[in-house]
Amino acid sequence: MKLHEYQAKQVFADAGLPVPDSKLAASVDEVVEAAENVGYPVAIKAQVQVGGRGKAGGIELVDDEEEAREAADRILGMDLKGLHVDRVLVEAAVDFVNELYVGVTMDRNEGKPVAMVSTKGGVDIESVAEETPEAISRVHVDPSFGMHPFQARKAVYDAGVERDVAMDVASVLTTLYQLWDDKDSTDIEVNPVMITSDREVVCADAVMNIDDDALFRHADLQEMEEEGDSSQDDLEAKADEYGFDYVRLSGNTGIIGNGAGLVMTTLDLVDYYGGEPANFLDIGGGAKASRVANALDMVFSDENVDSVVFNIFGGITRGDEVAKGINEALESFEEIPKPVVVRLAGTNAEEGMEILNTDLVTVEKTLEDAVQRAVEYADTEADK
Amino acid sequence: MSILVDDDTRVVVQGITGGEGKFHTQQMVDYGTNVVAGAVPGKGGQDVDGIPVYDTVSQAVEEEEADASVVFVPPAFAADAMFEALDTDLDLVVAITEGVPQQDMARVYKRLSETDTHLVGPNCPGLITPGEAKLGILPGNIFSSGNVGLVSRSGTLTYQVVDSLTQRGIGQTTAVGIGGDPIIGTDFIGALDLFEQDPDTDAVVMCGEIGGEDEEEAAAFIGEQMDTPVAGFIAGRTAPPGKRMGHAGAIVSGSGTGTAESKISALQDAGVPVGDTPEEVADNVEDLL
Amino acid sequence: MKLHEYQAKQVFADAGLPVPDSKLAASVDEVVEAAENVGYPVAIKAQVQVGGRGKAGGIELVDDEEEAREAADRILGMDLKGLHVDRVLVEAAVDFVNELYVGVTMDRNEGKPVAMVSTKGGVDIESVAEETPEAISRVHVDPSFGMHPFQARKAVYDAGVERDVAMDVASVLTTLYQLWDDKDSTDIEVNPVMITSDREVVCADAVMNIDDDALFRHADLQEMEEEGDSSQDDLEAKADEYGFDYVRLSGNTGIIGNGAGLVMTTLDLVDYYGGEPANFLDIGGGAKASRVANALDMVFSDENVDSVVFNIFGGITRGDEVAKGINEALESFEEIPKPVVVRLAGTNAEEGMEILNTDLVTVEKTLEDAVQRAVEYADTEADK
Amino acid sequence: MSILVDDDTRVVVQGITGGEGKFHTQQMVDYGTNVVAGAVPGKGGQDVDGIPVYDTVSQAVEEEEADASVVFVPPAFAADAMFEALDTDLDLVVAITEGVPQQDMARVYKRLSETDTHLVGPNCPGLITPGEAKLGILPGNIFSSGNVGLVSRSGTLTYQVVDSLTQRGIGQTTAVGIGGDPIIGTDFIGALDLFEQDPDTDAVVMCGEIGGEDEEEAAAFIGEQMDTPVAGFIAGRTAPPGKRMGHAGAIVSGSGTGTAESKISALQDAGVPVGDTPEEVADNVEDLL
């Protein structure tokens, strides 16, 4: 789960981090009211979850009401990298002389959180990491101890943060680590942390991702998730509702399978045999008939899809349940929307084959054959 | 021979009274696994199909001389179950549970480094030494005893590859599903090292996927420290950068490492043939033997 | 710092531990009022910090007002092992069928906290530990991780706590550990934890000691310390005020020195040469003249003292400062109350010797001589 | 020869700009100790009497190749300072600070077990190799170079015993004040082990006190693993049970161990002569040499 900037800022403010005054607004009038409350100049920032909002025109700095109206009118309702902007954050502009990067993430190779500080803030940190890795100081934290105060200082001093603000930046990092830890965050970062001309330290942006597997212990964040979902794509919203791991892609061969590795392999084979995957959809382990039916419903909802390959290797997932689900879903149609190729193997695959209504689907015995057949169908359908 | 588990392995099942725990214990027993105890707080003194249940893992270990545990405990309690297992002197802990919070696992991982125990998982199908024992949820019937080791980050992909092997008459010493989570116990190198030391393993199949740098590191290990030949497979060649696909691990960051290309070329540089399809992997194994 | 029972019970209640209803009372009328509030039967418990209050008559169970008045009248104002009882806790009596012991302390040999549970509660746990050590289950906790839930369960199940209350007792232990950790406790224990006939778990007693070195980060506990000091002995109160490590003993040779090991050695030598130490008083490292004067004032305040040996080996403590302090203190008397023997060595000892007013004290060059001389003086004075 | 410190030891002082830190740094330098750096957050770039100050210990270690640190940091920050020191690869950390909260030390102690660093203290006078270097607050002038090692839980008691030795012309290889707190780094056994390995130490004086079981354990170590003779002293024979005397350590629990009797008889059983007075200890050392 990725928090919106306005949500993350709220979490930050509650933790005592220095964030600029701000207000959420959903209309031009609300923007003007918020701007007056906060005090000009303000930044008007589109609340959609994509990187590079600024470059894409989703952030504007305005000095007065006229400019605010103009900017609000332009940003509200705009399409930002495929997402609809329906809310903006109106935030007091910060008069800064310096921009830093401060963040905490999980280093999966070390199995430990890592805190990072760089004086090259305000720009894409991935580019900094690639071009001048030495410009980012990194401190690994032992999760059994948590971050020691000296580690925050070390990260800050090693990054070369100026001494007069170093302890304040270390304090921001300490709090960020605490939030990362308390909120089961996977990544938390502020880019930029601004140093003002008065040598104040301000968190001007706020990125906070939460471990979905840990959401069960954070009622407050669950609420935020529900409230923040407005700008999600329809199919993704549906996948969330059904509880699928789903990614929409640009091709026309729909793919359903069990287990991330096997589904990815199916995608790879579609590509290998000259097709183009329309999606990644993992129904997970031990799926019952209804879940299988939901998966078919999802894939058929994608208008790009010209054929579907259903690849199940049963472990805890049982072939008979899968077959039942396929029958259920397809029998509800007067006409099958798109051709479906099924390959069942593993637990209860034979039982599944006996149940499966082979009038409605094409059955293949091997994964390779099933994928080739689906690609073939997709080509034929696309030519129609 | 085999790695990690065999006929003599004495298993305690943590969470044996739960739905999954009960079902898969039965499956494990049916396969021939020596399940000697269960451990569930408050259920001590009961039994599950004749298997005695204890309140704590340490009691189960003491009373029944268990040397391995399998964890079927809901995600919220899984880390505690792993800590409990690691607090005894078990040789092996297999955590099946999916959805263990990442920060819980980071703490478990730290604890693991203080012990001599092998942890497999979490979020993994477990491991099997065909004909001897299985610890986990793998479908026993597709495996056959033989001389090829298998290590994989993905469950069902493992089955796919094993199926291809078995149908060609290539059996397995041990197959280990190490799990696809960002933080796991035994990683590729850990499993490869054990296979390298196993005299009965003549070749190893390694199934990786995009995300992280484990496969790259494993490639370096294979190149430098293994005599046993390895055949590789990498899932996720077509995954677009920045998209998360199922496994927490299966995310491509967009930078140099972690991509399928990076992993495949690292393996190839280490002399590992990487198949384009599961069938091609089986072909490569045939060539290596 | 040792909390009074009523203070520890408050801390427990705030942490959500099950404690009986109770009220503090300082007069017979207050006791009766409290008892009516809490509901009879009640236990009336003297709030003094000594072990074995019950056996010494400091706890009484009463069923009605008449009994309450009688008991309150007897207990309030009584002398309990040398301490004056001026407050009692009036607490709802618990109808128990079983008593357990639950505690957490620091195992200094392991450098780790250890949690302990025993089904032999309600009696002196030290005796249990000596006679039937197997009746106490012990679980060591790694302080970097804190107590894992499984460890609380293990302690409880290993102790043989009945299964129907085991998880409740484990939960008490978990909370006790948390308090131990949060409050910088050195020892926390409940003896007994009562199991009622309804199978409820109740913390019937509460012992909680706090690390004095960590009090600086616990404003709430500092307040309790000030409020709870009423039953302290006069000399100990004075020592607290001066910030000395002081223990009053039963002999007549007063002892002042710097450093616990050296002061203990001085005590041992007094005993070795046939005398009896009147006290332990460590002025600590780097003491200034005023602190030295205060130390002399303390020892002279003890009417048992017949002579004083002042033994300083200077490291950070400077001999000249010590000499100044001795002069200052003794010159304020018209007549020196008791003979004082001084031995100065180490840093600035020579300078000290030059300053020291040898009309007022006896100087010895070695520790052994100084102690022998002080014992001799004490004997002479005692014979007077 | 000596243990832990000598002429080559390169010292960083944590808290060098504070009152105590500054004063004792001067004393250490005057004694001939090679103090190469100070570390104080926010004071990097300054110097104290020509000694360069860094913001972090790691910078001091990197820039000045320090291999030991002395901690003069107030109690509230002392544990963090120790963690910081333990995070570099220093050989030795000496924590002088008195009054470090016990729970802070328990955490430091855990961290210490993960490193190869020797920690001496906290709440200790430090250590000295006469004529070469002193790290801490011991009065240098009472020590003299020689062939007797000394380890003690108490500061001033150490001086007392050393004074007796020096006045008889018995010099010291190294004297270590390990501190009297309940949880300390190097304990008696740690120091005794180092003395046993030091070819120039011909005898060792061990000054213990009541409380804990360190002396009993040390006695067992001496009996089983030491060839170098040891002379002992135990303070607190007359301490009444249950009373706390100064050091957090100096408390007698009343049970079997921890009392002066228990410690003295354990040492005597290990062949260690235990003096009744400091002078008798010096007599015993003379006999042992």
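Residue numbering begins at 1 within each chain, and the chains themselves are lettered A, B, C and D in the order written.
Note that a residue touches a chain if its C-beta (ideal position, glycine included) is under 8 Å from a C-beta of that chain, and two chains touch if they have at least 3 such contacts.
Keep in mind that what you see is a predicted model, and the values were worked out from it rather than measured.
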Looking at chain pairs C-D and B-C, which one is connected by more C-beta pairs in contact? C-D
Note: chain D sits from chain B at a C-alpha centroid distance in Å of 48
Counting in whole Å, what is the centre-to-centre distance of chain A and chain B, each centre being its mean C-alpha position? 28
Cα centroid separation between chain B and chain C, in whole Å? 55
Numbers and ranges of chain D residues touching at least 2 other chains: 107, 111
Any chance you could list the residues of chain A touching two or more other chains? 142, 144-145
Once you've mapped the touching chain pairs, tell me: line, ring, star, complete or other? other
Between which chains is there touch? A-B, A-C, A-D, B-C, C-D
Note which residues of chain C are touching chain B in the complex, please. 145, 148-151, 153-154, 157-158, 163, 166-167
Using the touch rule from the top, collect the residues of chain C that touch chain A in their complex. 142, 144-145
Help me check something: in the complex, which residues belonging to chain D touch chain C? 75-76, 98-107, 109-111, 125, 137-139, 142, 152-160, 163, 180, 182-183, 207, 209-210, 212-214, 217, 233, 235-240, 243-250, 253-256, 276-279
Show me the residue ranges of chain A that touch chain B in the complex, using the header's touch definition. 106, 108-109, 111-113, 126, 129-130, 142-144, 181, 184, 186, 211, 213-214, 216-217, 245, 247, 249, 257-265, 267-272, 277, 280, 282, 285, 313-316, 345-347, 366-368
Of chain B, residues touching chain C in the complex: 41-42, 44-45, 55-59, 77, 80-81, 83-84, 87, 107, 111
